[in-house]
Amino acid sequence: MNKFTVTLSCVDRPGIVHAISGGLLGAGCNITESQQYESPESGTFFMRIEVATEQSLAQVRAALAPIRDDFHMSLRVDDTTARTRTLIMCSKAGHALNDLLFAQRAGTLAIDIPVIVSNHLELKSMAEFYGVDFVHLPVTAANKSQAEAELLKLVDDYDIELVVLARYMQILSDSLCQRMEGRVINIHHSFLPSFKGAKPYHQAYARGVKLIGATAHYVTSDLDEGPIIEQEVTQVSHARTPEQLVALGRSVEGRTLTRAVQWHAEHRVMLDGQRTIVFS
Amino acid sequence: MNKFTVTLSCVDRPGIVHAISGGLLGAGCNITESQQYESPESGTFFMRIEVATEQSLAQVRAALAPIRDDFHMSLRVDDTTARTRTLIMCSKAGHALNDLLFAQRAGTLAIDIPVIVSNHLELKSMAEFYGVDFVHLPVTAANKSQAEAELLKLVDDYDIELVVLARYMQILSDSLCQRMEGRVINIHHSFLPSFKGAKPYHQAYARGVKLIGATAHYVTSDLDEGPIIEQEVTQVSHARTPEQLVALGRSVEGRTLTRAVQWHAEHRVMLDGQRTIVFS
Amino acid sequence: MNKFTVTLSCVDRPGIVHAISGGLLGAGCNITESQQYESPESGTFFMRIEVATEQSLAQVRAALAPIRDDFHMSLRVDDTTARTRTLIMCSKAGHALNDLLFAQRAGTLAIDIPVIVSNHLELKSMAEFYGVDFVHLPVTAANKSQAEAELLKLVDDYDIELVVLARYMQILSDSLCQRMEGRVINIHHSFLPSFKGAKPYHQAYARGVKLIGATAHYVTSDLDEGPIIEQEVTQVSHARTPEQLVALGRSVEGRTLTRAVQWHAEHRVMLDGQRTIVFS
Amino acid sequence: MNKFTVTLSCVDRPGIVHAISGGLLGAGCNITESQQYESPESGTFFMRIEVATEQSLAQVRAALAPIRDDFHMSLRVDDTTARTRTLIMCSKAGHALNDLLFAQRAGTLAIDIPVIVSNHLELKSMAEFYGVDFVHLPVTAANKSQAEAELLKLVDDYDIELVVLARYMQILSDSLCQRMEGRVINIHHSFLPSFKGAKPYHQAYARGVKLIGATAHYVTSDLDEGPIIEQEVTQVSHARTPEQLVALGRSVEGRTLTRAVQWHAEHRVMLDGQRTIVFS
């Protein structure tokens, strides 16, 4: 029995569910999970369906093609058991990388991680322990465009579907962001209120915030402002030092990023303009 | 434009979604929200759909009747804007009652509360402030069955669909529980580990628990053990006294119960044996 | 047996705890609770002590006066059982007012609320239900300074120690903020990221935030930017409408404000520049 | 400048704080952090103090000895920068071990981990990656007392102060529990309500719980019932499978155990009968 995940979006109008469920029924698919959402603002209809069937991926895709065309849908059919090929970028801090690698190895994060890219060498041994290729790609002002070209080559060579910035401390160029839109996930610290500029945890400390957290989001050319996938915060008291805030923040960052990658890899995240629909 | 909520369950088999969406399409219904779940253990399929249509409730019910019969469904179609008529029972502590009444009045809890029943008089003035009928129904060992008969008469007289035990400190009889199964929601305190017997907060204090919480559940004849609708906990430190634990617990109880009543009133809760499916 | 709360701050130097505990011992005080904090940045030492004693408030104050002078302390001794006289300001939305009044009446918020002031009439009946004076004080651009003068007169007439803005939708003047610094607590909604301008919940919806929350803070002349006392957030999914976000946000606002008022009333909050020390 | 942590408990009576702060002042100690708690039930006074001083550990201990004797205190003075020597026991599941090792290596968990003991071989490579000795100690009904003797020898040989059961799936004997009382920390899953017996996550699934969590506690001869150090829960919906509940539970277990170990290693946990005082 094959398992496929169907994700689709289109302008809302009557008959979508009936058409798509009819197409799936015709292709011998039993629907095992289904979620849908109609965006009141954009008028867009979103749907995610998991099915079990004896038919092949190509057969199911062919069966749904006329419906896709009729409703002008954006539609994908993916093998539910296929693992998203993921490239992780990191710098010196290993907390987010460690969470991703451990979850992947433990079987709770169903992705493949064939390669890790870093502008530093500190995390090479962790890559080796997990048996993942490690590419050292230093970035300077002078070589930035060349380094990004090498990154894109790695994306091609390793057949990468998703890039995860696991506390990668370099800013991607606008052109790279646009080229890989919707396929790069970043994690950054988040506070109430938010802080701009250097040493955010020290700013948060100076401001006496009682919550610190993290936001996982798709990278757009608007730095740290892409569509939000997942957020989490934790309570802190006045007695925590800036260093302890950093440590607590890292713990939140690691698990928030891991969940966001999981939602993406399971095709649970869809874009509605600046918002995400997360069928978690 | 009318808004209806369709809830259904049946033994899972291919074609349910296609059939029901076809029936709705035929009745001129546009699906605005839909959730479904297939229970892997029981093999039961659950679905909740909100629709907008120009047709009447009777017309939609008639359109779905053949599908209901064909799939041997348990199926309901409710007017989404109708407000569940709710009777609240309480004793002396008013926190849960206050949360329910305020949320109802503020418009965030879409139920009607025509009557409050209590075995004490302490909360009569709160009922009066909110303009809700208050019935004083003392319960003793001697008059218990008579008191329950009066309660059932109130349920009939006020056309009650849901009974909420908002810290009502009497145990309902088995026969009443069975008669009103799935229509009575209770709230009780919850700890890790759990405690049996009197003064549970004092037991929790003595045991040094770091979390206290509340569980909202349907009442069954198995006391405090019915299907769970909603749960929440809050952190506590060793410095809290038993009295402070009680106060914190009450705050959690009030909001947990209010959410559970909301899920029920919006037809979001369905029973899968001892479990609940909550399409929240 | 009397119960007093001692709060003090001074420049840190050796011997503070020994001196103050010696003073208390001399005044026949048994220390029942004590917390302290040394701010690494400002070098300020903060301490909060609860004591039980047969001596009077005046006697304990007299006993500690030489130590206060010796260490150039800011020092207070308050009767632990005295209830902070609190004036609540509100507009039309009653959720925060309701939480405060109910908690006060239930005995879990140990303040006195002799008077409620509003620029609208919607919440007059709630004040009446709780037996609290209600003063209608409309504010226009033309009468603003006169209205604030009346407010200050109410503060004097009712012997008010704390003003709580429970979703009061008028901005206090700079002069009023400065005059009542450290004695006015406000609640406002909070998001990650934060939003400026009108309809913040609609902005948060449009941005797809996954958390919404509230911040309780002291009012300063820098609007919504005073020292933070308490913060809380709750998770939200893409399926929540802006109206539902508002309802969820109100629930968080009410309980966050109530906790902040409690910390203040129990003399648990001390100012360290822009930060608060909260001995909760 | 040396940094020491003083922890003490004794029967409460006036003058403790003055005496101990006097002793510390005499030993040239500046108090940088202090917390205390008086247990209303047991009448026991607990205190934890961090100090900075030019004097040696022996000098400070000598200075406090007369006060300790006078008040019949249980009193310790520890070097704050010393790292608790910790032996970790595990079986096949590596999530808790991974969290502990990573936090230790990242510098956020200030312990030393010289040796890992397991009744299986699965986690040997993880120990090797972190450069920690790994001892394979299979346990059968026949060799249990011998295996425990070897464990005690490892405790001696490695100069172990704390044993952490990081999902170690063997039950320690009563005699071992008693011998190492207060020095063995365990983690176990926790639900509302709680479940006894095999496959607890499947029981929790069948019961439809909406929260799953973990409890870290000191091991006593009363299995899973020792004094609680730390607890945490996470929300789950009906849609989670038992396998997903296990994965979510593991994530909570890892971080709950790590925090409990940190509190213990920083001498923040004190026993008050069956309860813990946690000066976090």
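Worth pointing out:
Each chain carries a letter (A, B, C and D) given by its place in the written order, and its residues are counted from 1.
Just so it is clear, a contact is a pair of C-beta atoms (placed from the backbone, for glycine too) under 8 Å apart; a residue touches a chain by one contact, two chains touch by 3 or more.
Going by UniProt, the chains are A, B, C, D = Formyltetrahydrofolate deformylase.
Note that this is a predicted model, so its numbers are computed, not measured.
When chain A is fitted to chain C on its Cα atoms, the angle of the rotation, on a 0 to 180 scale and to the nearest 5, is 180 degrees. In terms of the distance between Cα centroids, chain A is separated most widely from C. Our note on geometry: chain A versus chain C, Cα centroid distance of 41 Å, whole angstroms. Averaging C-alpha coordinates per chain places the centre of chain B 36 Å away from that of chain C. Shared interface positions of chain B, i.e. residues touching 2 or more other chains, are given as 33, 37, 239. Taken in their complex, chain D has these residues touching chain A: 33, 94-95, 98, 102, 106, 108, 125, 129, 239, 247, 250-251, 255.
Chain D contributes residues 12, 14-18, 21-22, 24-25, 28-38 to its touches with chain C in the complex. Interface residues of chain B facing chain D in the complex, by the touch rule stated above, are 37, 40-41, 190-194, 205-211, 213, 215, 225, 227-233, 237-239, 241, 272-278, 280.
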